[in-house]
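Quick heads-up: structures coming right below.
Shared chain: subunit A. Partners: subunit B in the first complex, subunit C in the second.
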Partner chain A sequence: MKLAFWKSALGSPAGRALLALLLVIMAGAIFNADGAFFKIGTHRDTLRQTSVYGILACGMTLVIISGGIDLAVGSVLALAAVCASKMAIHWNWPAWEVVPGCLAVGTACGALSGIVTAGLRVQPFIATLSMMVFARGIAKYASGGMKVSTVVQNADGSYRNVEVPPLFRAIDHSIFHGNVSVVTVIFLVCVAIAWVALSKHRWGRYLYAIGGNEEAARLSGVPVVGAKICAYVASGIFAAVAGICQAAQEQQGDPEAGVGYELLAIAMVVIGGTSLMGGRGGIGLTLIGVLTIGYLDKILSINAVPEAGRLVLTGIIIVAAVLTQRRGRT
Partner chain B sequence: MGLSNDSSPLVRLIGITKRFGQVAVLQDVNFEGLPGELHVLAGENGAGKSTLIKILAGIHTDFQGRIEIDGREARPRSPLEAAALGIAVIHQELSLIGPMSVADNIFLGRTPARAGFVRHAEQNDSALHWVRQLGLEIDVRQPVEKFPVATRQLIEIAKALSQNARVIVMDEPTSALNAPEVNTLFGLIESLKSRGCCVIYITHKMEEIGRIADRITVLRDGQCVGVAPAAELPPAKLIQWMVGRDLGEQFPRHTPRSGAELLRLENFSVFPSGLSSRAAVDTVSLSVRAGEVLGIGGLQGSGASELFLGLFGAYGALTQGRMFLSNTQRRFASPRQAIAAGVALLTNDRKATGLVLSMSVCANATLAGLPALSPGGWRRPSREWAAAKAMTAPMRLPDSTLEMEAGALSGGSQQKVALAKCLQCRPKLLMLDEPTRGIDVGAKREIYQLVEQWTAEGIAILLITSEMPELLTLSDRIAVLHRGRVTAEFPQGRATPEAILAAAMGQSIAE
Partner chain C sequence: MRKQIVSALLAAISVFVLGGFGLESAAGRDYVIGMSQCNLGEPWRVQMNHDIKEAAAKHPELKVVFKDAQNDTLRQRSAVEEFINSKVDLLIISPKEAQPLTEPVARAMDAGIPVIVLDRAVLGDKFTCFIGADNVKIGKAAGQWIARKLGGKGKVVELEGLMTSIPGQDRHNGFREGIAGSSIEVIFQADMKWLEPDSRKEMESALSRFDRIDLVYAHNDPGAHGAYLAAKAAGRDNIIFVGVDALPQEGVAYVQQGILDATFRYPTGGAEAIDTALKILKGETVPKKIVLGTRLFDKNNVATGGEPLP
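The block that comes next holds the complex of A and B.
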């Protein structure tokens, strides 16, 4: 009976993804760096450091389930970070104007990607690659190629230091006696929103249908173009949220931020067990994937493994995780 | 004809049996082709012609029986081995690689090279030699995709010639050609024959058989009906050979009912690959009444499936002519609009275009009706479940299958799920394209009973089926398409298999 339980648990993608996470955490318990792994602060930091990637992975999950890919999220994050800093630091906008403003920027980027790929039928890889370059350019244009920080130039050419805006301080803060970061809470809210969209709303069902068999979906009356555009818009919005968080944590808007983040977000989605071919997967799996990569990186860093080794090991582990996922499917 | 009796066969297939799972698609089939003859392989859809060709071409290697080439036993294990044996197959869907040059295509897999480096000049010279043999004056360095389909067909033949093929199989080679191109092709076939090649020719056009056939082998339901010189097999007899099975009483007799006219098409044309290209459906006019089954007869390439897709809005604006639904003129720009107007389509390939195999049965069955089941966008799982159950229960799909992945079901059950999806939006007009393809007898019978039940409820049904008995028993009336045009229409009880097949092969019927 026990065997049957394990068999069925490992037969599902969620079971296999959880097993991978469990192995990583066990490794952490063994190589605990003199008890550092058992401190609550370690876990708080792990979650804080992976939250920005996790938010990107939420949007990426929606797009990948619909059979697409979004390479632009890292650039959109940088653009949103620059915009947020510009609005909050330079222009002194209040939070209730900064946040909708940045989300509008993300929406516009996502809508453009979506229209080009779903409406004009450019391959998603190409369409979002273009958006990746385009958004990076806009970010540099908006920031003048420099970091938008609290050091502000006066009219006479001298510099002054302005106060960190309250929005940034609120986000880069910990609650529950300092045990949980606000960005982690934002990440979990994003997961919840994506979960509701995927499993409680008609649109989620449409995304699965399009990713599983686009032609069958179209012939069943699914509004394929609209549903796909919405997926890219959602990805753009999540990227903007991640950008605001990034700006708050760094207290500046760096137009060079987020380079390569899109690949990490894709890796997190895939490690969870969502199929890159579309049609299969879920946001719960992505949550597991985010935690797996986050903890893996943390455990390697508390054990003082140099960055070179960390990258090599992470690469190997991503392939291993995906191979296990594939074996289970056939 | 000019065949001497002592010429020994160039190719012989002896006692070929091929099964797909439990189903035998070829049973003990014999075939022989003589040098210098054009041998037509005739039969209805699903008679086993393509399977036989694929065995000869080394695509199906798992079969019983023997193949002899020039009297020596051979067993091609791959298309490459078949080519080495002198067998070339010119498939219906051309097997050329568009962006590569004509010369590259002709010598694909046999590229002349020294130390791995392609010798372009040599390749181009010999490619030019072969295309000139066919009377083609083209630049062989140009990519294949730049040439019209007819030229590509000839390039394909040049490729076969360059392999020194002696047995050349042509599967409906004229389907994309116009009259002068057909003449060129037939001239070429004559010269192939005079060189001692054996041409095995598959066609659904009676006129072509009359023009070029030397001998004819007829297949029916995977068995060889007979071989005869073309002169001894006039069209009427050929059709009798192709059809001649007793229809049996294995199907429930359909009791005709008819109400008000539900659908009327006036000069309806469909252009799947653009308005400037050839019409797949050409000025078709027909009508169906509520509670009536209009069967659409036709062989491969008749345009029947395109008619359904065009009507359903799947080609968007690529249709012409007028369509009236309950006496209101309509034109659907997308399947979504068609579904909203009470039209449902069961596609002919449930795996490719019917179902989302990675989703559950319940999700598939409710996919088309989801807007009504999720008011405000929010899903109501219990409503979906109830709706799926209400549709699948009459089809005797157990509740336990509802949460299974559609891909895990048998063909018959998948077909029922696809039907459930169609019916979920309570259609007034139901278009069934090959509703019983690839499913077992029990499931077939159940689907026939469902058709009976739906017409009793007043649903109008358009039916495409390549199975003659099914067409005859399920339909109230039958319209036959040939190359996109209606060539015959039969009222209740007036259709015979022979007349349908003759019309489907392009013979106009004087009723």
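The block that comes next holds the complex of A and C.
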């Protein structure tokens, strides 16, 4: 009976993903760095650190399920971070203008990627690779190649300090007696939105259908082009949200932020069990994948494992987790 | 057909963009200086270009043409070759790597173009002048300041720059040299790869492991700033933060704001490069190697522009 329980638990992708997460957390309990792993602050930090990646992974999940990929998210994050800092610090815009402004930037980037991919039929890898380079360039251009920080240059070349905008302070804040970061709450809201879109909305079913077999989906009347463009738009919006969170946590907009984040987001999606071929997966799985990589990162960090060892271990564990996922899926 | 129109449009836009962003003519100047920067992704290098531009602006006879190699050695090699072909009067290069750029620099010298090498060296001696700072000295100055500040004992966190890079190793070794002989204990060290978000992560780990941390030494100012944000979020006061680089809009501003307690300048050498270039162009002899000193900024001297250290 016990065996049957385990068999059915491990028969589902969610069960296998949870197993990987459990193993990582157990490793943390064993290598607990003099008890640091058992402090509540450690878990708050883990969730805070992984939230930005997690928000990117939400958008990435939608795109990957539709059979695409979005390499531009790291660059769009940087662009949004630069825009958020420009608007909030230099131009003194209030939060209700900064947030929609940044989301508009993300929407525009996502729409461009989507139109080039779905409309002009360029492979998503190439289309979003171009957007990755393009958005990085715009971020550098908009920021003048410098970090947009609270130290603002005057006309005569000297510098003056300005206050950190209230929006940034509010996002980089902890609630519930300091035990949960606001960015983590934002991440969970993103997960909820993506979950509703994927599981409860018709558009979500379209994405699964397109990822499973695009031709069949088209023949059965699915608006393929529109649904795909929307997936990239959603990814752009999530990347913009992540960018605002990044800027708030750094108290500045760094045009170099987010380099390599797209690969981490893809790894989180895949570790959860969403198929890179499209058509299979879900946002719950991505949540588990995000936690797995987040905790892995934290455990290596509190034990002060040297960089070389971290990279090697992370590589091995990602492959191991993906192999676990594949077992039984024949 | 539609595709062709789209491509033609894109091509037209690129030409327009390129035209708008930096192609200028060099006519009407006495001397043209080519400046090959290895990448403009780091604020420090942006500052270097800025310093060169500012210093050159005081000399109307100079015209500086900047090229950014975008952190790509081969691209930088092409930039040097382009400068040789366009027969600039002098070349300033801040090379990405020594070995692959040694020969292009030598070819410029063969073509009769004097070369000033900034910050990172090339191999051999086929260049006119090298200008750079010494990270070991800076790390040592930081270590000695820290030992004095803590009264010779205390628990320190070291947040390292990329430890596979020479500046990271030098700032580490110099620091250890500076605190040698004191009872200062480095309780946590981690590689934050010069990145602020990574530094904040590592500092959070250090904070959850150790209840007492007296001081944080980060190999650059963004790293120190990230550590400060981590400590503040955790409600931990009474930690001293020390950084390196002291860019005006970064480290120096952080000291002014009371975020960092001290930062040590890693000079860009931009202004010195223009001074030296003028001497070379006027036929004066210049030393083969110029080592720049550092400058300490703390709350006592930040208003007066810091204190030079030998």
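FYI, the second predicted complex is superposed on the first by the 330 of 330 C-alpha atoms of A that agree within 3 Å, B and C clash if a C-alpha of one lies under 4 Å from a C-alpha of the other, contacts with A are read in each partner's own complex, and residues count from 1 in each chain.
Throughout what follows, a residue touches a chain if its C-beta (ideal position, glycine included) is under 8 Å from a C-beta of that chain, and two chains touch if they have at least 3 such contacts.
Values in this document were obtained by computation on a predicted structure and should not be read as measured data.
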Contacts of A:279 with subunit B and subunit C, given as first, second, both or neither: first
First (subunit B), second (subunit C), both or neither touched by A:200: first
Touching partner for A:256 - first (subunit B), second (subunit C), both, neither: second
A:209 touches, of subunit B and subunit C: first, second, both or neither? first
If touched residues of subunit A are counted for subunit B and for subunit C, the larger one: C
Partner chain(s) touched by A:33 [first = subunit B, second = subunit C, both, neither]: second
Which of subunit B and subunit C A:223 touches, first, second, both or neither: first
First, second, both or neither for A:107, with subunit B first and subunit C second: neither
Shared subunit A contacts, counted only where both subunit B and subunit C touch the same residue: none
Subunit A to subunit C touching residues, read off their complex: 33-34, 36, 39, 41-42, 45, 49, 120, 140-141, 145-147, 149-151, 153, 159, 161, 172, 174, 178, 246, 249-251, 254, 256-257, 297-298, 301-302, 304, 306-307
Subunit A partner contacts - residues on subunit C that touch it in the complex: 6, 21, 40-43, 46, 163, 188-191, 193, 196-197, 200-202, 204-205, 207-209, 225-226, 229, 233-235, 248-250, 253, 256-257
For the subunit A and subunit B complex, residues of the former touching the latter: 199-206, 208-209, 211-213, 215-223, 279-280
Partner subunit A, residues of subunit B touching it in the complex: 312, 314, 334-336, 338-340, 345, 347, 352-359, 363, 367-368, 370-371, 374, 377-379, 421, 425
